[in-house]
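Common to both upcoming complexes is chain A, partnered first by chain B, then by chain C.
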Partner chain A sequence: MSIFSSLFTRKKNKNKGKPTEEELFKQQDIPKQYYSQVEKNKKLLEELFKGTFDFKCEPIKIGGHKAYLTYLSTMTDKNELSNRVIQVATNHPTGISFNNMIEMRELYFPSVDFKVAENFHRVVWAVLNGEALIMVDGFNEALSLGIGLPEQRAISEPSTQTIIRGPKDGFVEGLPVNILLVRKRLKNPRLKFEIYQMGRDSKTNVALGYINDIANEDLLKEVRERLNKIDVGALLDSGNVEEFIVDKTITPFPLVYNTERPDSICGHLLEGKMAIFVDGSPFVLTVPTLFVDFFQASEDYYQPFIMSSFVRLVRYSSFMIALLFPSLYVAISTFHHELMPTQLLISVQAQREGVPFPAVIEIIIMELSFEVLREAGVRMPRVVGQTVSIVGALVIGQAAVEAGLVSNVLVIVVAFTAIASFVSPIYSFSIATRLLRFVVIFSAAFMGLYGVLLFLIIMVIHLVSLRSFGIPYLAPVAPFQPRNQDDVFVRVPIWLNKNRPSYLYPKSPVRSEENNQPSPPDQPVGGQK
Partner chain B sequence: MKNILVEKLSLWQLFILIFIFEIGNAAVVSTGNDANQDAWIAIGLAMVFGMGLALMYYFMLSRLPGKNLFEIFQFCFGKWMGGLLTLLYILYFLYIASRVLRDFCELIVSFIFEETPIEFIAITMVIVIVYMLYLGLEVMGRTSEVFMPYFFSFIIIIGIAVFISGEMEFENLFPILGDGFKPVLKAVFPQLLTFPFGELIAFTMIIPYTSKFKKAKKITLLAVMASGIMLIYNAVLQITTLGVDMRARSNFPLLSSAREISLLEFIERVDLVVVFIVMFGIIIKVSVFFYGALKGLELISNRPYRMYVVPIGAIIAFISVKISDNFAEHIEEGLIVVPLFMHVPFQLLLPLMILPVLLWKTRKSKEGRK
Partner chain C sequence: MKLKMALSILGCVIILTGCWDRIELNDVSIVTGLAVDEGENSKYRLTIEVVNASQFSKNQMGGEAAPALTFTLEGNTISELLHKMNIGITRRLIFSHTRVLYISEGIAKEGIIEFIDFLDRSGQFRNDFNIMITKGEKAEAFVKVTYPIQKVPSLKVHKQTQSFNREWGGDPGVRLTDFISALTSKGRNPVSATLVIKGDPKKGEKSENNMKTSVDTLVEMDGMAIFKDDRLIGYLTVDETRNYFWTQKLKTTSMSVPCSDDEKKPEDEKYMAVTVTETHNKLKVDFTNGKPVLKVKINGETRIEATQCLNDLTKIDTYKDFEEKINRYVAKDIQETIKKVQTEFGVDIFGFGDAFNRQHHKEYKKVENNWDEVFAQAEVEVDINLHLRRSGVRGKTFISEIPRE
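After this line comes the complex of A and B, so read on.
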């Protein structure tokens, strides 16, 4: 595994082991010391949360001890708080005494999720996470009770990767729910989730999920290292994490896969990849990512394999169409008329007659207006959606042709290209094609088909030079690995796909050993002869 | 020496590189014209001799596993003499790279962009090659892996398409050996043996970097054979489509043959496909020679070769433009002067002279180890 050693020596990890939780608020100059005199702590907390209306610090009595109940009223569940904490505490103002926090919790709040906060950073962290904090006088620890308000969107169908057959649930914004969706599918004790806190100001929870006996140890180490290195103001979406962990930033191609579908994440985990969940984002990342991942939809595995193989080939060709169709039009209609059959040439040229622009200007105008239309369609308020689509279709399609600004053939070219660019199952990949399309158009306008070929070769050189976490981006096509071809251009039936892809160096390379090809029974059914 | 990365090629990549390298420009320019309708026999014969050459090169490399040709020079003749030999080979490689590049420029300028200056084509091609070599040998291997299926199938498809179009006349192949063996031999030596098969000498800079050196011998021979068969197929295609005279007169017979294709009144003028084959073949061929020269520079100056990629690339583009004034001159040099005065010494004589020294030196060092 020489590729790893060369890759991994490049970075030295500054903070080994568990990175952030202990030093949560170090950068913000918040003291770490927790005092056994509860008044002191209260003062510090009140100082810190000054000017916040929802910060509550109420005196209570527990087991004869003086104590403070601290929480953010906006983030805690009021019912839970009064039923399970305040009532219990006030019902036993002089109850049984206790020696430490764990004992107290066993006596008073046995049914509540808890944590012991042994320093001030943890105390602040607990309050910020919507936990109710009990600081008792005379103890140098505090008890935090998990009664946070689980306020979030219900699990619903993913909005980006819709499928016809297969599970319809999608990830939501909450990290625990997302992990639940994966755990429900993979009942495996080896499925691990490591938690990280990132972002100086946001302290976002980030979970790294993997299956211990499948994922490669070196890869895992590299992923951990890159996650540990992240030092950022705030993480608002998994897209922010993505930018920190890619191998190479100057490339139009996405080097990290993202999906809203739990089943797709499970599939990737089972291949030996790692998943990165970011709290607050319904898009979960998987690494390492390969080019071919962007052509595999999870539905491929739920439909008959012949059909999904065909669909996959359609996807690859529509990638090429989305990339090259407009530039081929420019090249052929500007430089190489002879490549078109005469009949076709005549009808194309007849249409272009009267169009005041050269083909390249024509296509740039149309492509640009399509980009504008697409962007408007994504950003605009839903209510005005119809207006834009009517205006777009009428003005850009019909009126432009009727006014003689562009030719009919060109509208067909642009429309077909646009449709083809939506075929990619992952949106972030179609962005790459969108951008590169303009580059090829210019290249074709200057150098004709020679330019298109030059562009293609340069693009492939760029693609093969990319790596995702040390794995060649174009594997298993280049470097060619005949063993891993069973799930690339076509999908073989699941009973034939017995091995995990070896380019990920999985710890256990075999999915299933048995030859379990379905076959008709040996004896005729019903005993007839 | 930390920045000098050792890159590894897989055997499959080596196979593809040799295959594309051999076909490269040999498929498009007319070769073996001396043998008339028997050009394909001449190519077959040259292929056999070429396999012999490949064996010899491999034998030289296997005496000192892991060392490339230039390191062998240094081993045999010490730093100064070895350095001088290396320098000669570097110049040879650069010259051949420029010639190959010029072939392509001429093709584009005479067939597609008649009014484009040749410098433009040379520079754009060199930019691609420089980019690829800057990223390294592995990237070159993987790039050729991606394009190999198209490269291979396009050549096959052209033949089938010409056949279906009904343009092939197999009478053109007869009489077989009508003038005896003499013209065939004349075509084989020195022209066909040295171009394309002898040019394998450039792979002495690459074969040591394959991941399984021991199996590289078999792969090299297989690749030479495969490319030889492909060239035979190609020659048969050209002879049957164009006839002997037309083929000899045509500058780019494959292109002329492809122009005969007419299928369903829709697929006509598939020049683009041929240009693609040639373009990729040329890119690989130039890159391999270029890489050999760069490796030599790396050895002489003890600096990573990436430093030299851009300046040397610019030089290649310059030489390829200035090498000759017109296509006729270029081709005449290529068919008459270069094989005898450049290919033969560098591909045959020098290695044959070095071989005994190498054998003697390695024998001594092996005894010393015992």
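After this line comes the complex of A and C, so read on.
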């Protein structure tokens, strides 16, 4: 009960603050002290990593000093390790001596990523991060060298947001690769990435990206605050982060945008939004998020603006269809027969002749079986995926109608609704429509069109009450901002879209000043004729 | 706590209300036509026509059956009868798709005001269904005559009147609201369309009627009925109906105008077919010498569809000549029809009274109560101003180019 009610009530800041790094390590019984006697450290580490087959702690000699090279063999690149560390160290067993770790790194391992681990906690962390750790006898710090992680999934086309024209690369699970994909597109020194470690057990790297001279300072502060508040066991996907930073938990509508497309992230960053990358997830979040964001596909900007404006209107209307079509069918066919043209009414009645269920039961059966099919289609191993679609199409499409259990019209309604619900470019938005559809079907079954209208009123009230990081969710439609309409229902040509949306309060509100409208040359090409 | 309150109120709203007017489509029968006759034992004999929807689906589950079903009951009020119909019919009736109300001659002569009130008052009926007076047979017979294309008899009649109204103007286009507003107005009397059955009504009931290319029995439009208040007093023919409709809201029509309106050469029977594409009409009543003069003014555009005349259509003079002929022809027709209504029936069905009221309110008030008598005495002026605009895709007709002897 208390869990349930805490979903509804606003969070009161009762928690004592999340534990510091030190407290966390203390909980796991890891000492902080790093000794200058390297054997002691080695013993401690071996104790800690006991039973870990890939933990290696190999003695080497650097500049005449006794040292240990420590790493997790599964997390480090073997070639890099032997080329850049082991060979260098063994080639100069009695080389030049050094006074501290930084000096050693300059002498022996230039151009390798490094960190100085000044206490034992850092040492442990470095090993866990897949770095090669060099502990030299007689120094009270260790040097950790970042040598490439093993191979990851190659960059491939995003599987959730496919596109016809436009860049085909998508984010992968590795954080550095994802940041690379964005950096390649925005060569801008003001593009910043702040790194956070989250998760008591997982220590996941989370990066907050923004463009310094565009993103609003207050918004940035709010995002940082919310990220800093996160105290969780483990973060396995950006979805986990999303749940921690939303403004409101009880809502079917997604308040944080997620995408697999780097170009989409760049577009958002350029508007003044912030991107949140989570290591291990190909889905990158952007905040603040607006309702209209979910109707904009990145392809809109690569196709001619007339076409993409049309497609956008199609998306808005298919949202309404996906939401309301089945309920309108229920409402009109059971409450408002007079609304249908006579011919249509007769043919609908002819279809329903002999169907044993009321329209609402019929439609719920069909919608549910469609949901089951869809879920099965997603979860099933790809190999048997075909079976589902064949069985589904036959059972639902044909057999049910032929058996007289459901009417033909209803199959059309459900199928069209299902297709319309796939139009939304972002999956997390289309699942919201899916859920609300059932609510409005019930509402229509009880109260007819009045119920549909009542539902819409409640939904709109709910929508206008939503905020994403303090920005009204329905902006720029409600509150209506005439200046920001150039990229909402229709898209104006890019040369006309000179201003950044003002609802995000960007530091520099103007994208470009010049009038860039293309036109033919004043003089005829090839001289006068 | 507040949340609990809100949830429970919302729950009550959903669970305790709603559903009261919920009817599944398979629990209703769609009534498309009502036919009212004189009852043998009681005041009315009501026949309803309901659609047998299963005949309209691709996979006919009930096998071949009639597309519509009729049922007859006798009683003293229409509304009671409509609720009593389940004495023989299984499902609840819905009337929102009623398209035609057939009223038999006999009932119409006695006055129809008594049950029109029910139709006007009930929220279930649309107010735009056709009111049809049935001639010859009982009204009951008309809802039983099938037709191969529009299988439901009343839908057939509805479509037919719509098309006839729009294409030629042979249906006065009277719906319930028009009828009632004419009834309540002192400056106008109601009219309605009439129907007859051609052929044997008994044969028309069977679906074999639909198997032939030339059907045995057919419901046809037959001009219109004229009412004095709510009582039927006479009829106009189809041609006269079109002339009446010229003064109302005719859209398009078509007619055969003689090439020469010289009375002395009737043997020279050549005509041109003229289609009227647009009309604007105005009724006026001028008040001269203490007497009202009824004026009909019609502007419009026409087009030559076909010509048997040899006149050269590439010349502007021919157009002018034709225009005059058309105008004279139409004016004569309309004048004759108005005269006929004045002399034979003596009721103002055109709405001159309303026009008079608008233009000369004070004068009208004096004659308001015996307007129909004044109307019958009044002079009529018809001013037709139709323009001939086009003659198809040909100028001269090829007939004039055929070498003769």
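One rule holds for everything that comes next: the second predicted complex is superposed on the first by the 497 of 529 C-alpha atoms of A that agree within 3 Å, B and C clash if a C-alpha of one lies under 4 Å from a C-alpha of the other, contacts with A are read in each partner's own complex, and residues count from 1 in each chain.
Note that in this section a residue touches a chain if its C-beta (ideal position, glycine included) is under 8 Å from a C-beta of that chain, and two chains touch if they have at least 3 such contacts.
Please read these numbers as outputs of a predicted model, since none were measured by experiment.
The superposition on chain A brings chain B alongside chain C with room for both. Applying the stated contact rule after C-alpha superposition, one finds that A:Pro358 touches chain C and leaves chain B untouched. Within the superposed three-chain model, A:Gly146 lies out of touch with both chain B and chain C [touch as defined at top]. Superposition on the shared chain A places chain B and chain C such that, viewed from the Cα centre of chain A, they span 40 degrees in steps of 10.
Contacts of A:Gly392 after superposition on the shared chain: neither chain B nor chain C is touched.
By the document's definition of touching, both partners, chain B and chain C, reach A:Gly448. By the touch criterion stated above, A:Ile461 is placed in contact with chain B alone, chain C being left untouched. Contacts of A:Glu338 after superposition: both chain B and chain C are touched. In the superposition on chain A, contact of A:Val348 is made with chain C only, not with chain B.
Aligning both complexes on chain A leaves chain B and chain C separated at their closest CA atoms by 5 Å.
Once both structures are placed on chain A, chain A residues 335, 338, 447-448 are touched by chain B and, in the other complex, by chain C. Considering their complex, residues 2, 6, 335-336, 338-339, 341, 343-344, 447-450, 453-454, 457-458, 460-461, 463-465, 472, 474, 477-480 of chain A touch chain B.
Residue ranges of chain A in contact with chain C, taken from their complex: 8, 333-335, 337-338, 342, 345-355, 358-359, 404, 442-443, 445-448, 451.
Within the complex, the chain C residues that touch chain A are 3, 14, 17-19, 21-26, 28, 30, 32, 51, 53-57, 61-62, 94, 96-97, 99, 126, 152, 155. Within the complex formed with chain A, the residues of chain B that make contact are 5, 8, 10, 12-13, 108, 112-113, 121, 124-125, 128, 131-132, 135-136, 139, 141-143, 145-147, 265-266, 268-269, 271-272, 275-276, 279-280, 283.
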